[in-house]
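Just so it is clear, A, B, C, D and E label the chains in written order, and each chain counts residues from 1 on its own.
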């Protein structure tokens, strides 16, 4: 009864606050920031896209922001399947499967090794491992080109030079410092107690890694994927030097198209080829979202 | 007698050592060997091929007489500071804003990351155009009626470095965003609740609670960016070729020039060693300090 | 000083409807204890009052204002998390003072309040430590400290003393009571410790499966539980239960196969019917114990187990398949028991509601 | 496609000719090689530095190409010294290279009495290309006959609101510009004294100072957008008539051609001013990494023979924009500028080796550094002379 | 079945020397309860036995073998973490079965054991949930489940029931005791709940500041605490203490300004000296209460506070500045109290040790 009266007395005019509005000033600010940042990021892409559909005559006019007067998809077709890159004139598609053949094992192995290293360094801390890691980190600062000569000699010595395994090994070598660091620091942020619990449960090195740590690593694996797929997919120098002529990645062709020194430069084809080549990493970026899991360690420990 | 280990020994088991064999092989077989080899070459008179002679520190003396090398180091310091700071700040902001459960997250993430996927040979050229006073932004703004507008950093000796900062930040901050995002997402939701109860404004939570918790991710990002700085090459070649003059020369380009075009790997090796020692001088104290902090923090 | 009024609240977590149509009226300045089995929705309710869960329906009013969808910081509440949720990178002092510093409390005042909380919680020497360097109980005290430095209208405590030793718990219980009196704030307090519940609560709410079963003073709930669940849930051990019938022929009696008890003086809410199936409940402390069954009203039953509890012992009698617990202060051995007729409860066997 | 005859001579050829025109050119060699019973396996890598790096690494790794492109310069000197190349003395003897090749090229490829490279083209890196439209707009009638006339023309162009000198401010373009001015203003003698003989005294001479001053004077005729600009973007300025003249290698013709412009009609070219301006000789050559496998040696010799033969030379040059290495080829397909070049080349006194032929890459680079500093900074000619001399001293081991 | 023998153990955490020279001998199959104030090093000790802390010195032997530096998995132990440490990516079932799957237990056996643990812990309907979707008490039960599915020689429980309701706690306590009997395993159990301690422990160790103060049966410790700390730490409320002197003139008496008590029958370990400063301790349940002080041996003292505890009440008397607690079963109002002479403890005032 009393409750009813109270309800009646309550002025109906008091509007109930909306259920979590989506247009608070803060949210508008967020979108404003994101959109303006996105615009800034997109300006070069805009120029690239516009350039890629202009005929060369228009490009020579020098209005880089202008929309094409006579848009053409010829440069794209050209880039994909017709542009000459030396004697062959089949665009960049020629090396596509080679790139895949190189990228997949290199990415998988380099991430796997990085994860294992990071895990061992963070949780098991074997004697001397930190020293090795320090060496690795210093090594990361050696310009890759300086390492070419010794690596060529070393791989030639074990007869892996100019072969698919050879290039994969090289990518692993170059990827290891950053992959190890990435995983090591990620694992350092996980609750140490989980590892202890698994140890009590009798988990050995590998078991804990596969059953416990790996499932908790999805966000960092995505980051590692982003880094390695991009680096390896886009690499051309290492592929050129180590892969052997049968395995040249698509970026060698890309480089041949866009990096000519004394020949004429077809900017429109260059842009199209560049965008085409980057589609694989771009697709990865786009679809990686669901692996950026929120609160991966929620509910694990109290305190 | 059974399974007795000495006090103070670490946790490691046989598997842990086994698992680190590849890392040891890479660290010792690739990096240490390369460093030693490079050191050896740097005290020889090698040109295209490593030579077996010994010329003492001749290459180093030559190196430090070379004004371009000294300028490269100086440029690297200025560039490095600006680039790392800008990338961390922008990457963090992007990560934070994108973490607000915004619509179109996947799209935005891709937009911020795409520069990372593209060869700088092409995007560098585009930046060169955009920044060019006759083609790019300056021209456009002047066409809009602002006749005195000037944005010609890329042709100014004293400003050109900033244009490289802009373009490389554009390229790398997306990656920093992804890295920090992965860290952000790992933070326990309960902490957010606690902060909401405490009435702490969101930005403040990010600054005072989340940022310190992101320390591992930040340090990864820092190292990553630092390596990018030291290896900076593509962007400079694509945008300025080290110019105007030598105003945007950087050590990696110096090394590459001598390694390939100028066919003097002796000097290039000496430069690599100097670069490495410089890096070591910067990183070692950081590493040491962090190790100390970590020791206090855990175990 | 603010009352809390919850009407028809509905909370959904993931796929689970955790709270469904819950009503609760807490007066301003009251000290309410929430009691209930693990997983019944206590934490969820506190979080909802605090504004951390989105209500799927219903209304929450605090201090007379509709706060159903208000931001937590606007509700004037403080909450001690069951899981502590300490800021891992801040030391104890900063953990406690952070909220104050943000809302611009003067520095001297912050220091005063933190010092006071630290003293009360015996955290003095730990102020510079990070949470990772604290023991479980110490962390819990920091979590309490973080809440009580704030001058909230409503304090929500989620099992705040569960990981503390009995002595400290007693001390803190008293301190919280004092604090309550000083601040005059409304407090809602979840605990599994019935001593805590009894000593702290002005009123007590017993929950089960997201529904409040009884909301009354501790004494009333203890003496006159509303249903069988409350009867067995409270007390340690809970009420002894006997299933039987009402016999109205020749007075008003509760009868089972082995037992008969006069319940003529029982304050029935509705007049019972003959043969109605009922459950009789007696608290263990209302069970008398004798060495044998010769005395009047005593039933002979072998002693199954004796639990020494320090201050008292629990003697378990095995009576035709049911275990009957009796709390004994001295060292009587047992062997027969009697029920004190004045202190019984009767429940309908089908609805399980109090008669 | 015909099935190749039994066991063709397979030859992987590494080069950096990757643009459309260049591809068409190299195809001439490939086709000729195929016709001669070989099988050409193409290894194009854009970027001279990268291509050479890959070649050298493949030699080191034991997977060398059969033939690899280098510039006709001192770039491969070290490889020869290491004994890593096969010579092609047989082919040279057969083709009597000693007689048909210009001496400037022989000086580079004949080392210790052996031919270690097969030259394939001659490039002249310092042509003057001008837009006829722009010249008309500025009211200029004729090509300049002297430095002073040239400067006067630049002034006219400037007055007409055009960019007088189309220029890309990159180190190598600066060097090309300088070498052109050096050879034209300083004269071949001073040029050789310094570049070939490394005569420090000559560096400090007033004549060289004059070269530096005039070089720097050109800076006033470039536009503010020039720093960092690619050479072809500069060419595009001439093509579109926005700029007057560009000093660039003969490969720039390709840009005019692909924009549909014709030499002599839409644009003009001249190799310099003065009575008999020197013709700077540069070019490309293929070297043949050492191997003992008879099949490969055979392939190498066949390649050398094919690439230097008159027929392929004519076809190649027509597409490449360069001029053939020998005078006895069919010139009808060549453009106006190339024909002009061939004519000049007849006069041996006008052949002038370009800097790369005379200088180690190392020293050449060091001089580039000196010049770019001089060009871009506020530096006195004296200081540049000083730095020039120092660079020569430092880089002479 | 394995005994645990700890000698001279030293544990350092960060800069803190948490445990210094600790000795503890646990017989095979014994049920030991560790009791001590928050932060005294209980968890640290358990973690050390489990091999999760590196010992700075001393020795840990389990089942007769030196395990000081052995791998945790070789020690034959199971541990319930105070902080749960559940595997966040695994559901409840997999959390519990993880250890079994690792050591290759047959699938059917795993299922059986998990089902049994789930039933005992009332986790049945939650088996497919992830830890983040559980309530605090549910998580704690999963943590228990993870330990008890294993057939370890030594079980280490770190406050395993702290977040459970009283009823469940009572049930689980009994289940654990049953489990203990079935497996015959050694159990070391940390708790703050003295009822738990009393009912479970074969022997009980009371710790303070990393040092074991007393290690004996619960009863012995309760009745005859070794020092003042133990006396006040145990019991709720703890012992009532009175400072005074020994008076040997005319018998053997304990005297204060306001009180005198004959202690002639007290089993002194060493003969007391006259005038020795001592502290007398009496448990609240050994304090008699009367309405006024006329009866023999009763001291008149105003009642300061009455705490209703459900089954009993605590009556606090204010006696010349000291608070004297008495536990009363019925509803006597209080106003005077007397000490039962047979149940007292005497401590040296300076050493605080029992006399």
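The criterion applied here is as follows: contacts are C-beta pairs under 8 Å (C-beta built on N, C-alpha and C of every residue); 3 or more make two chains touch, one makes a residue touch a chain.
Here the structure is a predicted model, which is why all the values come from computation and not from measurement.
Undergrad: Counting C-beta pairs in contact, which two chains come out on top?
TA: Per-pair contact counts point to A-B as the maximum.
Undergrad: Since subunit C and subunit E are copies of the same chain sequence, what is the angle of the rotation superposing the Cα atoms of one on the other, rounded to the nearest 5°?
TA: In short, 180 degrees.
Undergrad: What whole-Å value do you get for the distance between subunit A and subunit D if each is reduced to the mean of its CA atoms?
TA: Whole-Å distance between the two chain centres: 40.
Undergrad: Any idea how many Å lie between the Cα centroids of subunit C and subunit D?
TA: Centre-to-centre distance between subunit C and subunit D: 93 Å.
Undergrad: Using CA atom averages as chain centres, what separation in Å is found between subunit A and subunit C?
TA: Result: the chain centres lie 54 Å from each other.
Undergrad: How many angstrom lie between the centres of subunit B and subunit E, each centre taken as the mean Cα position?
TA: Once rounded, the distance between the two centres reads 56 Å.
Undergrad: Note the residues in subunit C that touch 2 or more other chains, in rising order.
TA: 82-83, 86, 134, 136, in rising order.
Undergrad: Which subunit A residues touch at least two other chains?
TA: Residues 62, 145, 149, 204, 255, 258-259, 295-298, 302-303 of subunit A touch two or more partner chains.
Undergrad: Among the residues of subunit B, pick out those that touch two or more other chains and give their numbers.
TA: Those would be 9, 13, 125, 134-135, 188, 190, 213, 256, 259-260, 298.
Undergrad: Any idea which subunit E residues touch subunit C in the complex?
TA: Residues 13-14, 16, 35-39, 42-44, 82-83, 133-138, 140-141, 158-159, 162-170, 192-195, 198-199, 218-219, 222, 232-238, 283-285, 307-312, 327, 329.
Undergrad: Using the touch definition from the top, list the residues of subunit E that touch subunit A in their complex.
TA: Residues of subunit E touching subunit A: 47, 50-52, 71-73, 77-79, 81-90, 98-99, 102-103, 130-134, 136, 139, 146, 150.
Undergrad: Can you list the residues on subunit A that touch subunit D in the complex?
TA: 56-57, 60-62, 83-89, 145, 148-149, 152-153, 155-156, 161-162, 237, 240-241, 244-245, 252, 255-266
Undergrad: Which positions of subunit B touch subunit D when the two form their complex?
TA: 45, 47-49, 62, 65-68, 125, 128, 132-135, 152, 154-155, 157, 160, 239-247, 256-264, 267
Undergrad: Would you pull the subunit A residues touching subunit C in the complex into a rising list?
TA: 14, 16-20, 302-303
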